[in-house]
Amino acid sequence: MGNRADFYTNYFYIKKHSGVCFHLLINGWGGTLKPYDEEVIKKLDIIAVKIRRHVIEMLYRAKSGHPGGSLSAVDAIVALYFHHMNDNPKKPEDPDRDRFILSKGHAAPTLYAVLAECGYFDVKELKRLREINSILQGHPVSFHIPGVEASTGSLGHGLSFANGIALAGKADKKKYNVYVMLGDGETDEGQIWEAAAVASHYRLDNLTALLDRNFLQIDGNTEDVLRLESVYDRWSSFGWHVREIDGHDIDQILDALQMADDHKNQPTMIILNTVKGKGVSFMENNVDFHGVPPNEMEYKLAMSEFDMLLRKLEEAS
Amino acid sequence: MSKEMVNPRNAYGETLVELGKKHSNLVVLDADLSKSTKTIMFAKKYPERFFEMGIAEANMISAAAGLASCGKIPFVSTFAVFATGRVYDQIRMDVAYSNANVKIFATHGGISVGKDGASHQMIEDLALMRVLPNMTVFAPSDATQTKKIVQLMAETKGPMYARVGRADAPLIYKTEDLKDMKIGRGLTVKDGDDISIIACGTMVNHVLDAREKLLKDGISARIIDMHTIKPIDTDLIIKCAKETGAILTAEEHSVIGGLGSAVAEILAEKGLTCRFKRLGVNDIFCESGAPADLFEKYKLNAKHIVKTTSALLEQ
Amino acid sequence: MGNRADFYTNYFYIKKHSGVCFHLLINGWGGTLKPYDEEVIKKLDIIAVKIRRHVIEMLYRAKSGHPGGSLSAVDAIVALYFHHMNDNPKKPEDPDRDRFILSKGHAAPTLYAVLAECGYFDVKELKRLREINSILQGHPVSFHIPGVEASTGSLGHGLSFANGIALAGKADKKKYNVYVMLGDGETDEGQIWEAAAVASHYRLDNLTALLDRNFLQIDGNTEDVLRLESVYDRWSSFGWHVREIDGHDIDQILDALQMADDHKNQPTMIILNTVKGKGVSFMENNVDFHGVPPNEMEYKLAMSEFDMLLRKLEEAS
Amino acid sequence: MSKEMVNPRNAYGETLVELGKKHSNLVVLDADLSKSTKTIMFAKKYPERFFEMGIAEANMISAAAGLASCGKIPFVSTFAVFATGRVYDQIRMDVAYSNANVKIFATHGGISVGKDGASHQMIEDLALMRVLPNMTVFAPSDATQTKKIVQLMAETKGPMYARVGRADAPLIYKTEDLKDMKIGRGLTVKDGDDISIIACGTMVNHVLDAREKLLKDGISARIIDMHTIKPIDTDLIIKCAKETGAILTAEEHSVIGGLGSAVAEILAEKGLTCRFKRLGVNDIFCESGAPADLFEKYKLNAKHIVKTTSALLEQ
């Protein structure tokens, strides 16, 4: 593989043709595979576990951060960066790149782990999440974390920012797509609905939103805190093309992303039905793990669950 | 000599519960952060007077004004960054301009928020609230004072804003110390002749620490707890300038627009000759980190207060 | 009628039983009538013309202000204050009063003219709209204009404010209702959708919103500026009971208001299909009259149109 | 001697059109006020680069940041009250914190907005924008300077805010006068020895009028046009303090947080003995009225500038 240029050429070749990140390949996930076949899905599933493991390690080390919403977001972000999106860690400023905006900025650990594993920055940096002088801020910051497109953390901004990118893409007749992930609680924010109207008004079909529909925010269930249903009807009534899928099923995610790219004249909202805390038994659907990191015991338990899961997945593949 | 640590947010939650008993028209609103702001204590005790408003801060402020127009005393809480900048226009129109009896109590002010990073470290809220006509602005320094200020807010008409930090804070006062505390009247916590250090909120504790160190260098610093940023205690500032000839302000806030600016405005307009320096965040966004690390890097801890004081007195 | 107390006793008696404001009665619109009968409607129609006349006079005199949106809002506000609402100009602080919030604050002249004609303040004050030292500010201010409930002018706040009143009403088990008028362009504002969600979440059936659906904002047609349709679907999807009517038909307005009061468990949105500039031929559907007052010629033309209309209505009644 | 009246908003619209030709990546956003902000001129010339965003200011700011992230130079316009307070959190996160190349150009700043009333009279925007790290803040004084500043904004990277008033304003400058004008360097419009009057925006014209009257009383006032409120021209302020021994600031803005505060901060910290007074809106919401009536009632016109100056010099 030789020099860095080769590394990335291969990376992209393999990524596009296998759905598997090269960085992970050299770490032991080898094999070139056809897209959408069962093997691809399995590989992505394995990557997702690896990302979840990073997330829990990062939060445990940082002794702060948001496990619940980071874990529910993993599969979609993995599907985007390790298979679907056209991006290049070597050229993070490439004007033709697809963009991903993490509007629910508190899920930063997931984004960071994915970016690192893709090669945007050294995986070692993950150890320094939330430490002073680290590049990895508690919430994403565009101007100094490689690969981060927008500064988020104040909820409700990301869809608007994505609108700006999509408008620029249309104006410049670029082929890129913009993907933005929203929290379900986040859609309480009025700015989301301003952005929803603008995206549909301008027929931003180069824009796809993914809603992490885990039914929890901080103070409880979304339907108790501030009723959202019918989410589907809300987005349709604002002029969006809406599809609802299992947000932890990579197959469905890849399929929905492709369908969203192909859909013309409207932005697409993919409602990802997810489980907050997904992948760590005692965090699943547990509102207490929104913003509380694992203690030592919990950390170890989570790690053993990941180990078991990985073993199972690897045996199957 | 280590002081008892109490979280001002807990003091807020507890005081709300007490006041809720006394004032049947006191209501509380929160925007999906009741566990962090501690309004959850009130919510549990008086669920019918607690309004969960979701992650929709703008609506929360205007709705609070509507409640106030019906004779309620609404306390509105969320993090300082969302309680001010996110909703400035709503506070401006529905609270300040309308002179509504709305009480905004914000937590997680300043950089001691720590690891969440600059997006969550509100260093402009005092400036934003100070520029609004009709607004009273507080930054209580410990749990005891928080309690006192929450009581004053509930029992005094008009638009008011208060902010506390996220962290536990050493107790500075006993309840009886604050019996006569008044809105707009700073407290002289320690006397001194060489310089007056005027601080607010979380910084009062740090300047008290600095005072101990300064004493060893033979510098006697007067410590003023300027819990009310607006209306500011002009008389006390003038007195300090005249009696000590040097003033340092200290706030967990930008040096622009907050306590330091308020004092500078008075010193400049009164034409008082007085050495003067503002200590605070120097007009930058800070970063994630443990609060102590941030206070060291951004020069807000006792060590740096000592340094700054010495440098000012050597001028 | 004698003293002021009698005046108001009579005023309320007659108002509730005739749909006609006493203040106007003593100015020549006499007669006690049954509610909802044709005579009531005609009387209210006549009052509406009188209010429109005030509006144009006020704006002409002030040489500034917003004719278009003031005129489209007249009929609903007349129906509210001169028939439907339970309010008392003598006791503007009565805790049991029904409330009206003009969220689209730039229609202040209509609100002021109605309040004055109801007796909240002297009709003579109308002459001093927008002048220095006048009580009548360019946009409504709650703390010093009698009868004004909320300070508006920055669009998007009023529904939230109304939520607060409705929540207080529920908490105190009061019987009052809250009415709030929104501009259609105003619903571009995200805060409106925050408020829409909260009102439906708390099942604020004591809250009724009226949407002045005149299809114009400042930069053009609402559907060109930022598409709103389907307005009906948007509000339903946010959990509202929605009804759409002719916003210049007093009969339909009264009917819809009653239906809204009777509807349980949901807030009601009444979509008023209106014409911006209604009542002045050359202002109707003319975006140029959003924020430009009539010049002398236009003023005179408008007055003559009102005279004609009044004559027609009075002959018919 | 009456000067030509030109509307700075028109200058803005015209300059946008010119710059649009030069910079193909310049785009313009407006929130249903393009006729008032004059972005309509650009919209007509370059419809494909004009984005009508509806009455949804928050989304507009964040979307502008997204456009900037793609190499566009977005100019965002609406009234000052909606361009700052309504969207403070969006400016904070997406523009200032992210150091995005977004240019916010606001019209209808100050009380000369007139009859719309206090809801529309933005007297806090300079304070709000000044407290944001990374932000450059302008208040151009006439149409010529507006043009210059819009050019500087387009051609200098970084987050920037500028505000003009609603009304026509007398021309103070010819184009060549401003050839060498730089961001952050105040202009000495008239020399004088007895006092320096440091003004910005609409007030420069009023202080020039006042200067004429003061001359008749034998007072020679130096007039500084402090078009950039941030970064402020510290050197020039120090020079004025030293050379004239008296400074009056004048702004169509609250006396809190804006130009006056910025100057006070410097005077107080530099320990300069200098008579000083801030002229502006005295921390109240004003009201509807003709601009001239408001300037009289709220003491901002030449007559009151003269009075205030005389009083300050008699201190």
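For reference, chains read A, B, C and D in written order, and residue numbers begin at 1 within each chain.
The rule is simple: a residue touches a chain if its C-beta (ideal position, glycine included) is under 8 Å from a C-beta of that chain, and two chains touch if they have at least 3 such contacts.
What you are looking at is a predicted structure, and each value in this text was computed from that prediction instead of being measured.
**Q** Taking CA centroids for every chain, report which one is farthest away from subunit A.
**A** Comparing chain centres, C lies farthest from subunit A.
**Q** Return the distance between the CA-based centres of subunit A and subunit B, expressed in whole Å.
**A** Subunit A and subunit B have C-alpha centres separated by 38 Å.
**Q** With chain centres defined as C-alpha means, what is the inter-centre distance between subunit A and subunit C in Å?
**A** Taking the average C-alpha coordinate of subunit A and of subunit C, the gap between them is 48 Å.
**Q** Starting from the mean Cα coordinates of subunit B and subunit C, work out the distance between those two points in Å.
**A** Centre separation, subunit B to subunit C: 42 Å.
**Q** Could you pull out the residues of subunit D that touch at least 2 other chains?
**A** Only 53-54, 56, 58-59, 81-82, 86, 89, 92-93, 97, 118-119 qualify.
**Q** Touching two or more other chains, which residues of subunit C qualify?
**A** 141, 151-154, 156, 188-191, 194, 197-198, 201, 226
**Q** Which of line, ring, star, complete or other matches the graph of chains that touch?
**A** Contact map by chain: complete.
**Q** Which of the residues in subunit D end up touching subunit B in this complex?
**A** Contact set of subunit D toward subunit B: 81-82, 84-86, 88-89, 92-93, 96-97, 118-119, 124, 127-128, 130-134, 254-257, 260-261, 263-265, 267-269, 271, 273-278, 283-285, 315.
**Q** What residues on subunit A touch subunit B, complex-wise?
**A** 62, 64-65, 105, 130-134, 136-139, 141, 151-156, 185-186, 188-190, 217-219, 225-226
**Q** Where on subunit B is subunit C touching in the complex?
**A** 27, 48-49, 51, 53-54, 56, 58-72, 74, 89-90, 92-94, 97-100
**Q** Under the definition above, what is the set of subunit C residues touching subunit A in their complex?
**A** Residues 156, 188-194, 197-198, 200-201, 226-228, 230, 233-234, 236-239 of subunit C touch subunit A in their complex.
**Q** Would you tell me which residues of subunit C are touching subunit B in their complex?
**A** 95, 141-143, 149-154, 156-158, 160-169, 171-172, 190-191, 194-195, 197-198, 201-202
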